[in-house]
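The following pair of complexes shares a single chain, chain A, combined with chain B in the former and chain C in the latter.
For the complex of A and B:
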């Protein structure tokens, strides 16, 4: 711990090259990094499946795979911001998606883009309100978002009277391809790149991570947490709203049962992707990789002929595995005190 | 009871190193039944390290600690009573005591427990205390006595009391003393750590003074006098101010706004403190735990609101700003608690340094990585931290280097005023000197530097002026060069020493 006392500052600070750690120590570091392990596992499953499962490595299957991942991925990328800022998860993702899908179907007659905009704005607004509660009034994020989900679903029930809302218009524009990529998949890639860039390179993205790492230390640096928490919830809601709108476009309808499993899948993607539940560590990109891994696994399991029940068990085990892994790496003495 | 006091706890030849620092060096002390043994020394003398070794929290490198009194075994035979309460505030008295009893078996018999608790409480002078009230509603003195009761509930023969009276009033102190005496008379060995020299003479049977990890003197209390005790604690080099060691000063005062504090008060903690701190000087606020000195600097940084009073920095009024607001007015703060709020342990040096100065290294809300690295390297150099190591994770650095980064983080914001709490707590001597140099350099550029410290040696080496506080009230305002340690200590002990 005190070995560095022997190394005095070098005279010329500008031109001295930054000392890089040796390859071995970097490798050892990488192998205890949850996010890196997840990426390796993703590649491994991909390779094994390509060899072992005959129908896997087909263009048609890849398209199915990406399509199935895209909407969950969009929601997960947004959700990761809440996790990074140290507010655990939102449990209102499914409800937001269902209501957004209903709104999309209900407003489709004014055109697909208007309908998508309405869905997105609804998500943004509902997320921001939850963000104000959690950030400004310091309510518990889990309880708040559960309560909010109940309110949204209740209002949805009143509005639809439990009926299925059919889309009255043409939403095929979102089914078409962009640069040869299916529209939904393109939206997923776009959402990932935008969120990753904002998190990685902007001041607000940095503050998001700093607050997640240590809120008190952030305050000493003069960084208020609540505006960033509102922002994180707002963007997470926006992304969920977009995912809901696209789901409505895909199914041509909206009802309260639509996207019910998306919330859990998004949380799975965030955790499995290696975003630290304690906040601060990880990025939206990790969540996107997590979504891919979960989708990949589901796809392989279906092709291998396993039942829905088995898939569910595998998903649960995966989340537990990721949490245990994060706990194990957190026992490293140099990082142990980093948690709140 | 025995005729000759029996030794309950023997520390022999204990040594402990932390990296390059010898925290304890061949320490041997015997603690006897029926005696109050005062353990004295300045901060950093090694008292708390020794106590932690005795309690089994730390392990010694050399030597041994033998507990010879009890029948129940080592761990149970020594009870620690900490200065800051280790009780769980929201739990009831009963529940806190149950935690201390740690009896075997899953089922606790209520009647047996109740009897054991009542007996412990009554020996700690807390007869008739309601077992069901939450600890947090009790007055501080009762909480402190409850800590003692907790030690007694565990049937400990040796009690270590770490500054039990630091936060108490005179009446409450008398109560604690009474309990300590009655425990002594019933055959407990009591290790009593305190900074209040007056109570040492009133209470103790035996005194051991430590300095720089060694025992410098030990004997019956009757063999000591106040003067010799202070001299033993401070060491020869601090009895007379060292000539030519005057910090900063000398040249013309640099330009910069002046800090003016008028009647700063925080309810129950701080009562009408007024002082001025010119740019270019390091002003120290000195006081014991509970003196309000810590609260004063936290208020200056915007972390605690003042209940009344005005804080001005040059033309600007700073009163009423929270931390984020005062940061915008370029008041930077370095916390005493590195782990909790000082640094981002899992972040690297660059991110730590830039965290308060993101505006300086960004354009249009986008961080410029190159500018951020340059800022980190330059600021690291100012606090004598190797700029080649700016990509290291903070958690992997030594305490001294972590503190340098905490200070660098404040410097990076280009403060007009820098407020620090205990800037070198847990920092080794080498890094300490480098931190002092960095802070003096900063003051010389026209920044107001205000430091809270409970370490008189630090104030000597770092500050130009020292403001002394006692129980929330201002006692004195001295030029460090024109006063001696005894005078400053007397202030914060309220005339008890010298």
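For the complex of A and C:
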């Protein structure tokens, strides 16, 4: 699914010299594709956990699992666009989520949908501004987003004075379940489908990958990169804003510490899902799978009685493993240490 | 023109430091008192050592995010081991762990040619997790805080053992980067890794060197901070990374690598600590100080981004036409 732009012609000729690749070489190719491995690992963990961990395969636990994955997944799917367009990560996801949750709680008295809209618009705006800086003015994405995170949290600190903002209204509409599936999970599915469709079936989405793969080639083809970078940051911000709004709805309040871990969880999901940090390779769907894997692993570790610190350590090892795996499979001797 | 600008940046940063010192000396009574200067030097040395470590990785064209995890982890190990056995063992163990993570960062970055940022996100999460594991869910404290007090006790009025150790590391880094082959190699690798490798320089060795230096500097800062406070808490310390990165960038070290001076990073750290100290003396809330830092960072990043674009365009021109063209003055189409 991700191989359309993700597989360079050199890889094909290396594994299959004939025009029609045999089943074996196709299989070999699939097994060196990070995204495919991640999907297999996810299914494997799921099967093993269902058999080995007694409390795992219950309807109640699946609901908890999906709910814990949903918000991180929404943020990760948006973030993946930034990674695909070759701008590494945004480190302002946590800050966007925290401020969106505060805004949600503060505007809840005008109805839950208005509040969600406000959160989403805030995310979109903040993301788009960062996109303009990174895309048009070519600032470094990491430093820009760190600075933006500091500005957002600083302003939040000034306005809330560090207090907890309580939601003054009824936000249960987002907590309701349909057929036993929580509303947030539907939001996650919707976000994944929208981002995946945007990336796979629109011209802008295709250009997004091209810019990530080879920005110079895109430029030579007459494609300007900065509007697409703004688009990627805007969508990422929008999704982070929605995740923040839903988090505010879930907790009925908003404060600066809310969702602090979400930013790195989202990055973990993107990297683990097999989206290349060098840009161009991978899709939002991979990030969604990555979020599922990280959530699944966290859930299994909790059920197995492991502590928070062990989960963090496992996550760190997971990121390193995924990054190295991607680096090792994409290692091409002709482009060693080329641009990023 | 462009290289003039980058050289000018160090002087500009020091000029701003001087300006800030004069301004606060006028505005805030007590700014130049010995006790306040002592406090100022303390915070400057702590920030400076982190900024200098980070500047080495940035000169090599990379970024070390993992110091956000390494600083608290070393502090935790130092204090936890120091409490149960001896402080010396704690410091040594903490620094060894920092060293190990530096080696890991450098080796993975060089071996698999992955952006160091992705690697250091992983090691940051890993070190944060290890920090929580060392702490075991509580604040780790050292019952004997006499050592911490003597570490911070004024030496010659404004210095302390704490700041002397950190300033010593800073001076060493300045010397290595300005006067040795190692420093020259790091600059070369940062400005063009492919050509450096083609000229026979070891890119991997340079990478490992800068990441080990960055991790060790962070480790020393963390260990000293832990002993000073006689306590340590787990959790990623991103505020510190933001401050260090701001200092380095304000000091004129380019994120694209190969440009900038360690002296500039030191100036940036001095500027931030003077502004922070002065503003809090006047009674500004810390949130505003943070906002000011972030705003400074954004302005500098935008200016540098524009200039880097000009340089790159000029360089590409020169490379494609094979005619030595003066950088930045050659107009070329395309709005990259």
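Keep in mind that, in the parts below, the second predicted complex is superposed on the first by the 308 of 340 C-alpha atoms of A that agree within 3 Å, B and C clash if a C-alpha of one lies under 4 Å from a C-alpha of the other, contacts with A are read in each partner's own complex, and residues count from 1 in each chain.
Convention: a residue touches a chain if its C-beta (ideal position, glycine included) is under 8 Å from a C-beta of that chain, and two chains touch if they have at least 3 such contacts.
Since the structure is predicted, the reported quantities are computational estimates derived from the model, not experimental observations.
In the superposed model, A:139 makes contact with chain C only, not with chain B.
Judged by the touch definition given at the top, the superposed model places A:203 against chain B, while chain C stays out of reach. Once the two complexes are overlaid on the shared chain, A:223 sits against chain B while remaining clear of chain C. Contacts of A:125 after superposition: neither chain B nor chain C is touched. Using the contact criterion defined above for the overlaid structures, shared-chain residue A:280 touches chain B, although it does not reach chain C. In the superposition on chain A, contact is made by A:213 with chain B only, not with chain C. In the superposed three-chain model, the partner touching more residues of chain A is C, compared with the other of chain B and chain C. Applying the stated touch rule to the two superposed structures, the overlap between the chain B and chain C interfaces on chain A comprises residues 219, 224, 337-338. Residues of chain A touching chain B in their complex: 1-2, 4-5, 7-10, 13-14, 16-19, 201-204, 206-207, 209-210, 213-214, 216-224, 280-281, 334-335, 337-338. Here chain A touches chain C in the complex through residues 88-89, 91, 133, 137-140, 142-144, 146-151, 153-155, 157-158, 215, 219, 224-226, 264, 267-268, 271, 277-278, 307-317, 319-320, 323-324, 326-328, 331, 336-338, 340, going by the rule given at the top. Within the complex formed with chain A, the residues of chain C that make contact are 63, 65, 108, 112-115, 117-119, 121-133, 135-137, 193-194, 197, 203, 234, 236, 238-239, 241-242, 245-246, 249, 255, 285, 287-288, 290-291, 293-295, 297-298, 301-302, 304-306, 308-309, 334-336. Put simply, chain B touches chain A in their complex at residues 18-20, 301, 303, 323-324, 326-328, 333-335, 339-347, 351, 355-356, 358-359, 362, 365-367, 374, 377-378, 380-381, 384-391, 393, 395-398, 400-401, 409, 413, 428, 430-431.
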